[in-house]
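Per-chain residue numbering starts at 1, and chain names A, B, C, D, E and F are given in the order in which the chains are listed.
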């Protein structure tokens, strides 16, 4: 009996989409308003979805307090109220599109979870734009 | 690394559930209030979920501007502020249940996407009733 | 100690904005897509906000079961899964804009509430368009 | 063409997380505030996701009126405005964690659905904590 | 220039509506399912709305960190994951209806705010039932 | 019969709270994470609430298409996907707190509305933090 348990957290960050290998015209054409030079920002919602067996003693797949702490250490504290391009190591050389962000978040969480648990991550950039990655 | 990217749009439409091969009593029994003769309507929310590889140059699975334009051309402009039964070609001979609608929407979008991208569509008829189709 | 208590209900209806005293061009210019001839529709959310003294025995301003029943009789059953223009008496001669609808709803509810209670009504046509009327 | 149709309902219930085989200190350490002796409670949202073929005559995978009635009989009436630990048979000997609850709900619904329909259940304990089970 | 600033927080609690001066039949008739003897519960959302002048140096009506801390001390810690009837002083002799709760919450917060700030409190018992009190 | 009509729009922007007349320690103490030097950002939701008489010919207080266009010209295009501190004239010398922002937005819209219409503006910085201003 494998159950998926999900925890949603949020962080607020600035970012800019830009490829330094392209000229300004191509950056503007591909990234549009998201290429605006002085950054813009979002209220990101991040969901960690963890699938595993229910522990018969606790009734938990994973202790929600543990999962919240993990999200706090790996995602919220490193990203919240910061500039993704300038303040977060991974995005100094990687464009912080939602797609690249969800892979970075997945890797940070995957490293901290036991191998018998499956993980997918959902990231909302806005209420209408979101991405999901499960390591495949 | 295959990531799923989702875009949500909305349209407002009238419809009526009715099977012309059935008599009035059977239509009323099966479709209840949804068979009301002068139509009723909904604020539909439609989500296109597109799965593919991240392009290393743009950091995109698909350019969100392209996906929005595709939804606008194939779904929003043909359906929005219209009567599904009377104004939309597919539903002149097909009952516009949420199930039939999500298949029609999936086919319209599938035709416009490159074959290396997977597609599923989610359609909310109300906040509490929704359907999903992935072409299987 | 006057407390405001709010109850939200929903109904799904078709409608069309149209002024029969105007020609087609003016109707199209003023009402745009909302003038589409075969109707469109919405998931309406209606909120009755009732303000009064707390009864010291029950702790209620108004029994929520009573307010729900009132909304059911006066608004949900007469409007739900119907065509506002064709099926609802008030809108046979009154354009069912959100503004006119909220006044009609307010009057229907006001007639049924005791005079020591204040009433305002909020009506959501979509998540992003809504109106409020308090009888002033 | 298999479509997934989802119906969301809600119930309000009290519960307490507690393992009678553990002493108070261990219960407090594992369950934290959720072990509070006099119970706390939630507005639970439960979603039944049913996947099957579209019936060509009705356009339905399952009649939504039937699915609503099933949820009412099996989940809402037995759980709503009750104390899960004290008033619901399954939880007299099973800790009512979200994980255990979603399995109990899945079993209750699975027993009532025809075998050609697949079922998963999603249960929201809060807007930020939720679980899903599909019988695997 | 008086601006209203609002902060929303949540707590999860059990409660029961009951008037000890009434017999069981009258309690059942007035409070219905909310009179269920073993309690039920809710995810309450509480909003403090504070109105005042903007401080020209900080640009704040009230520092949001201060308002969050106040809500934590006066409402979240005393109410969260507890049984309102059994664990909260005010409700040992006062029926914890939403109306009575919002007045209690308003009084707790009012005592802690400077007199040049106006206060109203909104309390959601469910997404569809809520109350507001402004001290009038 | 004065009805209030509300239109909600959104924009995504970066900002930083900072008072140049203060030293770094005081800025950090008052503004906390919001003083982070490289900016952070939000998905802002802005609601224009316009109150007036219903026009008997159109059934409108104000044509929603006109109100949407006004919001687009005055708020969305000048603010969206930009850095409030660096790219928006008013915030080059005014700290972009939610309180100051809602007053700026109100003034921009007030200038464009006829004097028989009342205006209030609501601005959500996050789902849990929001402000309202009505010109008083």
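What to note about this one:
The definition used in the following text is that contacts are C-beta pairs under 8 Å (C-beta built on N, C-alpha and C of every residue); 3 or more make two chains touch, one makes a residue touch a chain.
Owing to the predicted nature of the structure, the values given are computational and were not obtained by experimental measurement.
Shared contact partners of chain E and chain F, listed by label: C.
Shared contact partners of chain A and chain F are absent.
Comparing mean CA positions across the assembly, the chain most remote from chain F is D. Centres computed as Cα averages put chain C at a distance of 34 Å from chain D. Computed from the mean C-alpha positions, the centre of chain C lies at a distance of 28 Å from the centre of chain F.
The residues of chain C that reach two or more other chains are 127, listed in rising order. By the definition of touch given earlier, these chain pairs are in contact: A-B, A-D, A-F, B-C, B-D, C-E, C-F, D-E, E-F. Per the touch definition, chain D reaches chain B in the complex via residues 1-9, 54, 57-61, 63-65. Per the touch definition, chain D reaches chain A in the complex via residues 17, 19, 21-22, 30-32, 94-100, 102-103, 127-133, 136. Residues of chain B touching chain C in their complex: 10, 12-15, 33-34, 36, 38-43, 80-83, 86-87, 126-127.
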